[in-house]
Each structure stands twice: as C-alpha cells, then as structure tokens.
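Down below are the structures I want you to see.
Two complexes are shown next, each including subunit A; its partner changes from subunit B in the first to subunit C in the second.
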Partner chain A sequence: MRPVLRIVRESLILGFAEMSAVYTWRTWTFGWLVRLLCQASFYALLGHYVGDDATMRYVLVGNIVVLACLEATIVVISLAGERRIGTLPLLAITPSGHLPVYLGRGLQWTVTGLTSSLVAWCVLPPLLGVPLPWPRAAYAAPVILLVLASSYGYGCALAGVALRARGVEWLVLNLAYGIVMTFGGVNVPVSVWPAPLRVAVNVLPVVHGLQAVRGILDGAPAGHVLRLLGAEALVGAGWYAVAALSMERLVSAGRRDGSLGHAG
Partner chain B sequence: MEPAVHTSGLRRTYTRRRRDTVVALDELTLTIAQNEIHGLLGPNGAGKTTLVKILSTVLLPSAGTARVLGHDVVTATKAVRSLVGLVLGGDRGLYDRLTARRNLLFWGALYRLDGRTARARADALLERVGLADRAGDPVEAFSRGMRQRLHLARGLLHEPRVLFLDEPTSGLDPVAAAAFRRLVLDLRAEGRTFLLATHDMDEAAALCDRVTLIDRGRMLLTGDPARAERFLGDRECVDFAHPDPALIGPLELLPGVTGVERGDGGTWRVHTADRDATRRVLGWLLDRDVLTARHGRPTLEEAYLRAVGDRGMRV
Partner chain C sequence: MSLLRVVWHAVRLQVALSRRSPEHALVLLIAPMQTTTMLALTLAAHREDVVANAVLAPGLIGLWVASLDYAGRIVTEDRWAGRFPALIAAPVMFGLVVVGRVATVVLVGTAAFAESWLVAAVGFGRRLTIAAPGTFAIAVAATCLATVGTATLLSAVFVVSRARDVLQNSLGYPFYILGGILVPVAALPDWLHPFSRLVFLSWSADLLRGAVHGDTRGWLRAVLAIVALSAVAMAAGLWLTQRYVDRTRREGTVEFA
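So, the complex of A and B:
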C-alpha cells in the first residue's frame, strides 16, 4: 500500500505544480471559484424566474453538486498532457505500471472540486435566500465526496479514450461534463426523459448521488438514501473498472501499433 | 556470460494509412556483451529508435526474438523493465513544472523506491550529473544539456544494468556533449552496458567499443569502430582545385571513381573505391597539369553517408 500512497503523493505534488502554471491561489479563488459560483447562481436564478422557490432550490442544489463532477473530469486534460510531454512510454515501462499514475494524475482536481462544491454549498443558499435544513444539510458533504469520486472514475475512463484519439481531449471533456449536466438530473428531473434515456442515465455519475442529496434535504428515509448512495458507488466502481481497462488497452495497443510514443 | 542484449531475426513493421506497410527493422540479429558500449548508427528512419523501443519493452516486435540479460522482452516484460533504463534525447519526457529533484522523486516512487532511498539516490545522482546546485530549480528553466543530464539521472534512478540512450547528445553544444560522454564512460566503469542510438559518427567513434550500422532496418555491419571505418573507408578521396568544370566529366568516367563533389572556389573532391583508383586519378590529374592535389580518406560520417546513399530528408 505504501508504494501506491507514495505515487499518489508525488502525483498530487506534480498536479499542483502544473496547476500553479495556470492559477495562483488568488486567481483560482477570485477567478475560477467565483466563475463557478456565478454559474450555479445563474441557473438557480433562472430556475426562480421560470418556476418558483422550489424550482430554484432544485436547480441550485443540482448545480452545486455537479461542480464536483465538472472539476473531477478535468483529469482528461491532465492525462492528455502525458502524451504531449512524452512521458507515456516512460510511465508504461515502470515496475509500478502505468495504472497508479494514470489514476493519480488528476487528483488535484478532486481537491479543487471538493473545495468548490463545499464552498458553494455553504455560501450560495444563504446568499440567494434558499433555505436549507441545517444541520441535516451537512450530510450532503460526504455525498458530494462520493459524487466526486465516481466522477473522477468517469473522467479517467474517458481519458483513456481521449489518449487514444489524439487531440480530442477538450471535446471529450466538454462532452463528458455536458452529458451529465444536461441529462443527469441537475436542472431537469431525470423522470421527465423518455424511458430509454431514463434507463441510460443510470450509468452516469452524479445522478444517484444528487438524488441522495435531494433525499437528505427532503428528509427521505435513510434506507432510500443509502440505496441511492450504493448505486452511486456502484456506478463509480464501474467507471473505475472501465478506466483500468481503457488504460490497459491504451498501453497494450500502443505497444502493438507503436502509438505509445507519439506526441499529441 | 549471458549477453546484455541478444536479438535474433528481429523484425518490426508499421502499417501506415491502413494498407501501406513500412519495415522499420528487418531480420536484425545482434549481440551486445555485458559492460560494452555499443553504438547503433544510422540516419533518421534507419530503425535505431524502433530497436531501442523494443528492447525497453515500449514496443512489441512483429517477428523474431529479443532478450535482455537472458529475459525475453515480450514474455518476461517485468524482469526486463527492472533491468533496463531508457534515456530519451530532446526536451520531452520531463515534468517542466517540477524541480529536478522532484522529478527524480516522482520517478523514484514509480520505481517503488522507499522515500529514504529515493531521496538519497536523487541527491547522489544530481551531484553526479552536475545538477546538485540546480536541484531545486524547475526544469522549465534548464538548458538542453541540463535536461539531458537529468534524463540520464532519471534513467539511472533504479540502478539498471543496461541503459538505452536514444540520441542523447542531440542538440547539445560540444562542451556539454563531451561532458555527457565522460559521464557515460564513468558509468561503464561501474559495469553497466550501454546501447547508444545515434547518427553522430564522432560520438560513436569516441565512446563505443563496437558499433552496428543500420539502414532502413537492415544491419550493414557490426564491429569495432575501426572496422566500421575500414568498411566505410576502403574508399578514398582526392581533393584538388581546377577552374574548368569541363575537366570533371571525363574524370567521373575513370574506373574506380565513385563520385565527384564540387566544393567552394573551384575545389573538387573525387571519391574513389580503392588505392588503385586513387593512383589512377592522381596520374590523370598530373597529365592535365593539376600539380596540387591532396589524397585523403573521407571522415567516417562522409563515408557513412555515401555507404547508405544520399537520400536527403527522406526517411
């Protein structure tokens, strides 16, 4: 276990070092974080404009929780960077194997994702006049953590695809997040979609976790909430399995066709 | 003793644009003894990097076998990976935002070194490659030579017995390249084996115990650098000056003349296949009142280029 933890630690250090090329703590806080808060507020106010207080709360909660997914899926970009800087073949031939690194390369986004989502959870509802049932609302925090974890697995799985088809990482990232944002019950309940789509969205991260958060706020029975959490965890585990397979295939196909060392 | 590297009938093809198959390595059989510095010489596209990739398990061969210290690169991948170090040339393969020391600690974690060992080795290697004073600087501020030394330090972190260096001095200034070569010689003294893929003839002559010349994936020759020089340098050349280009046409037709190159300011270089042809050319020039001519041998690089043919930028 210790070697894996050391890889995770070094990956986090690397991740934050790379992040510092884009943000300082000030620009992250007053640029990126404020932009996310504005995004969630915009949708919430739109919800109030077209609906009522309940709609506003529905949309606000959805948009706060989905921030965790938005940031976690940026792992697609971090992993694509490995091809660009030529480290893919070097990573693939280390005794640890590529998987721990690949899965750890975007962990910094889980830290920022959790921060963004929790800050929004604490700041936006009182700011917009949306009452949450405290202290029960605090139980949302571990659920957001679970959503973050499943979304990160989703991002890693898609990164495996993005790494194979070069130059598509931004397309994959935006599609990945866009699909969750549109169909994952963030602004519109999943129940309004046609039956096949309703079934299909069950494999997306966020969907069950967000329903669990709504259940907590509405005082739903613990059993119901736990079932939803189990479903979110299962979906996350599925995406990690896909990620492992996808990255394994990336390396094995790369060794066969010589694509491992190509620049992105 | 088990050879450090042994390949037999090694072949690698790539499929380009679905149907077009390119042969990168063609039936390559090569043995490199332990503690040898072996140069792999060839122009761009000769197959050098493909061989390095196969031996370091980055790439699978299409046919044939390759073994490193007795371990098959296809079936005993794990064993091979712990024995070899891959050092790439150029700017890629390092994390620019991390410091030199942090880069090594990152790779140390991947090589499953415990924290104390990783830190000790990172510091020792940075000292050894002359980067100790810059250990805390981000790699993005490093020159090409410093990056190259850090590449080597990274490749040595898990103390591999066989090192594959792919164009390690490409783009380095002469001073940095010489320092890098000294470092390689020091490391060989510790018992390591090197396979050095390069197109720099002087580097191969200065460093290598033996060299293999390859072109278009095929081996042309394996032997000590002097033998390679003989192979390439049975050819000789005659340099002279003459203002009239009309002289050159008949000269090219003399038996044993393999080519005539025009130099600056009315100078010419005649390439000959052997000593008899050189005598013939000198006599022929004397008959035409060319009284000043210099007989010599082309450099290894010139001879090599002539041996593999002049195909310009094509690979």
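So, the complex of A and C:
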C-alpha cells in the first residue's frame, strides 16, 4: 500500500508542477474555474429559456456533476503528452511497474475536478435562483467523488487510443466527454433516447451517479440511491479494467518491438 | 506579389498544415454532439419555436472554436515549428499571411452550420427552412468576416501574452453567453446588454435567427455592427502582429521558439 501512496503523492506533485507552468491560482480561479461555471450556466440558462425553474434545476445539476467528468478525462492529454515527449519507457521501468504510474499521470485533474464541481454546487444554484435542498444536498459530495473516480477510469481507458494514434488526443478527449454530456442524462433524461441507445449509455460513467444525485435531491429511498451508486462503481471498475488491459498490451507490445519510446 | 496572391499562398500553406493535424477537425466533431444536446433539450420542453436557436448555435460555436483554438494559435505555432523566421523574411506583409491562414480555418468552421442542419434533419426530423435566404447569406458572410478579424486579433494577443493557454481555455463559454448565441441577449440580465453588443456574435445570432424566421427588421444595422466590429478587430490584430514582428527583429529574438 505504501508504494502506491508514494506514487499517488509523486504523481500529484508532478501534475501540479505541470499545471503551475500554465496557471497561477489566480488565473485558474478567474480563468478556468469561471469558464466552467459559465459552461454550466450556459446550459442552465437554456433550460430556463425553454422550460421552467424545474427544467433549469435539472439541467444545472447535470452540468455541475458532469464538470467532474470533464476534468477527470483530461488524463487523456496528460498521458498522450508522455508519448509525445518520449517518456513512456522511463515511466514503464519504475520498480512498481508501469500501471500505477501510468494511471497516476492525471491525478491532479481529479483534485481540480472535485474542486470545480463542488464550488459550482455551492455557488451556482443560489446565483441562478434555483436553490438546492440543504442540508440534503451535501450528501451529493461523496457521490460526485465517485463519479469523478469512475470518469477517471473512463479517461484512462480512452487514453489507450490516444497513446496508439498520433495527434488525436484532443479528439478523443472531446468525444469521450461529449458522449457523456450528450447522452448521459445531463441535460435530458436518458429515457428520451431510442431503446438501443438507452441500453448503451449504461456503460458510461456519470449516468448512474447523476441519477443517484437527483435521487438524493428528490428524497428517494436510500436503497434506490445505493443501487445506483453500486452501478456507478461497477461501471468505473469496468473502465479501470479496460485501462489496465490496454496499457498492459501497449507496454508488452512496445517492449517487444521497441515502439514504446516512439514520440508521436 | 499581389495581395490576393499572398492570401492564396497562405491558404495553401494552411491547408497543407491542417491536413497533418487531425485536431483541426475537432470543430466538426463537436457540432453534431452540441446540436443533439441542445435540440433534445428544446424538443423535450416542447419548444418548437426555439429549434432555430438550437440548430444555429453549434454553427456559431464552431466558428468561435475555430477562431479561438486553431486560428488563434497560428503565429504561436509558427514560432514553435521554426517557420516564423522564414515567414517574416518573405517580402510580403506577415499580417496578410496570417489573415489568409485564419480565413482557411474559419471556412472549415462554417461546416458546423451544415452539420447541425443535417443532425436536426436526420436525427430529429426537423428541417430548418430559411424564410429570408438573402439576409441569411449576408449574415453568414458578415459573421465569417468578423470571425476572421477576431481570430487575427486573438493570434496576435496569444503570441504576445504569457497567459496564452489560460486565455484560450477561458474565452469560450463566457462569450457564448455574452454573444446570446442560444439564449437571446434580450433574455439576459439588463446590465449585460452593453457588453453583449461589443461581441459580434450577439449581432450575428440575432440576425441569423431573424433571417430564419423571416424577421429582417434592422438587418442593415446589424450587418454594419458586425462589419465594424470585424474591422476594428482586424486592424488591431494587424497592428499588434506588425508590432510583434518589429519587436522580435529589434531584440534579435526572431528564432526563439
């Protein structure tokens, strides 16, 4: 356990050192965070324009929770960056093995994702005039953490695509996040989609977690909420398994044919 | 070399560069998903009268993304790739080369309009018809012109600014709200209106929606506002670019990446 915790610590130090090359705490707060708040507000305003306060709250809650997914999937860019600068082999030869190190490369985004989502959760509803039912709304915080964890696994799995094809990381990131945003019950209930799509979205992160958040806000029975949380955790575990398999194959093939160090 | 020939060569250069950059197709990936999101929300609320907003907004977002994410990075990427010294050594105005390349990227961005129309027609069975096609065509042309002007300014601002990534990551959604591209400016708080009118998107969005619905009142005023904002941005962009080129020459930093 201790080596894993050390990798987590080092990954966070490295990740935040990278971030500090771009952001100061001021530019992160007044640039990036404000942008995310505007993103959630943009869709919430549409909800209000086409519907009523209930529609606005539905859309706002969805768009706040999905911010955690947005930031967690940026791990695609961090991992593709290691490919671009040719440092994948250096990470692969660590004594702990490549997997924990690769999976840890975007951990800083989970911290910022949790911060962004929770700030939006506290600030936007009163600001836009659709207050949440406190203190019940506080129970959403651990659910957002779970959504963040499953989304990070999803991002790591899709990073496998970005590590294999050159220059597609931004496409992969936007597609990954866009699919969740579009079909994952963020702006409209999953039930509006055709039956095959309704089934397919069950493998996406956020879908069940977001339903659990909505359940908490509406005072749904604890058993119902727990079942949804279990589904979200299962989906997340599935994506981590895909990520582990994908990275294992990448590294073993790369060791065999010497392609792991190819910058892309 | 004539001005048009310079611009044409710049267009060819940008086409050659974009063909090797898959991420330049990002606009075309985002537009269908955004159209689906916005239309699904609009139709779930039974607001057929807002369908035009939901179909036009992804097109405007496409233009803004093309301007912000790709066109805006042109000079910065020239520096990183080592093309900058050769480009400013050529006996043509560097700003014109930037304009030609920016226009190429913006032209690709306009495909987002066609994509969102297709998604609405095929995915949702809503064929958006345009009641005033002449005004619509003028609105699209003016909007593209304004996007080229804005992108020229952004490319100059990004290359002189140390906070390029911060600006690039932050200037999307705040401008979508201010620009009234989905929810009209009239529905935003009053205190935002003066700021909105400084963003060409707000005039473009109103004009495009009006043309779709056949309400062309005040179209000339809107077109003049878009063209004026475009001219100001273009002039500022060309001036700043030239200033930057002169500074790198003076300080001997032309070859710095």
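FYI, the second predicted complex is superposed on the first by the 264 of 264 C-alpha atoms of A that agree within 3 Å, B and C clash if a C-alpha of one lies under 4 Å from a C-alpha of the other, contacts with A are read in each partner's own complex, and residues count from 1 in each chain.
Quick note on the criterion: a contact is a pair of C-beta atoms (placed from the backbone, for glycine too) under 8 Å apart; a residue touches a chain by one contact, two chains touch by 3 or more.
The structure presented is a predicted model; accordingly, all values stated were derived computationally and were not measured.
A.B. asks: Can A:Cys38 be said to touch subunit B (first), subunit C (second), both, or neither?
C.D. replies: Only subunit C; A:Cys38 stays clear of subunit B.
A.B. asks: Looking at the overlay, does A:Val192 come into contact with subunit B only (first), subunit C only (second), both, or neither?
C.D. replies: Only subunit C; A:Val192 stays clear of subunit B.
A.B. asks: Check whether A:Gly167 is in contact with subunit B, with subunit C, with both or with neither, and answer first, second, both or neither.
C.D. replies: Second partner only, subunit C.
A.B. asks: Should A:Leu12 be classified as contacting the first partner (subunit B), the second (subunit C), both, or neither?
C.D. replies: It touches nothing on subunit B or subunit C.
A.B. asks: Where does A:Ile77 make contact in the superposed view: on subunit B (first), on subunit C (second), on both, or on neither?
C.D. replies: Neither partner.
A.B. asks: Is A:Leu234 touching anything from subunit B or subunit C once the two structures are fitted on A? First, second, both or neither.
C.D. replies: neither
A.B. asks: Does subunit B (first) or subunit C (second) touch A:Arg255, or do both, or does neither?
C.D. replies: A:Arg255: touches subunit B, not subunit C.
A.B. asks: Show me the residue ranges of subunit A that touch subunit B in the complex, using the header's touch definition.
C.D. replies: Touching subunit B from subunit A are residues 2-3, 6-7, 9-11, 13-14, 17-18, 20-21, 85-87, 89-96, 100-101, 255-258, 260-261, 263.
A.B. asks: Mind pulling up the subunit B residues that touch subunit A in the complex?
C.D. replies: 14-15, 50, 53, 56-60, 78, 81-82, 86, 88, 90, 92-98, 102, 105-107, 109-112, 114-115, 138, 158
A.B. asks: Under the definition above, what is the set of subunit C residues touching subunit A in their complex?
C.D. replies: 20-23, 25-26, 29-30, 33-34, 36-38, 40-42, 44-45, 47, 50, 163, 165-167, 169-174, 176-177, 182-183, 187-188
A.B. asks: Could you please specify the touching residues of subunit A with respect to subunit C in the complex?
C.D. replies: Residues in contact with subunit C: 22-23, 27, 31-32, 34-36, 38-39, 41-43, 45-51, 55, 59, 166-171, 174-175, 178-179, 181-183, 186-189, 192.
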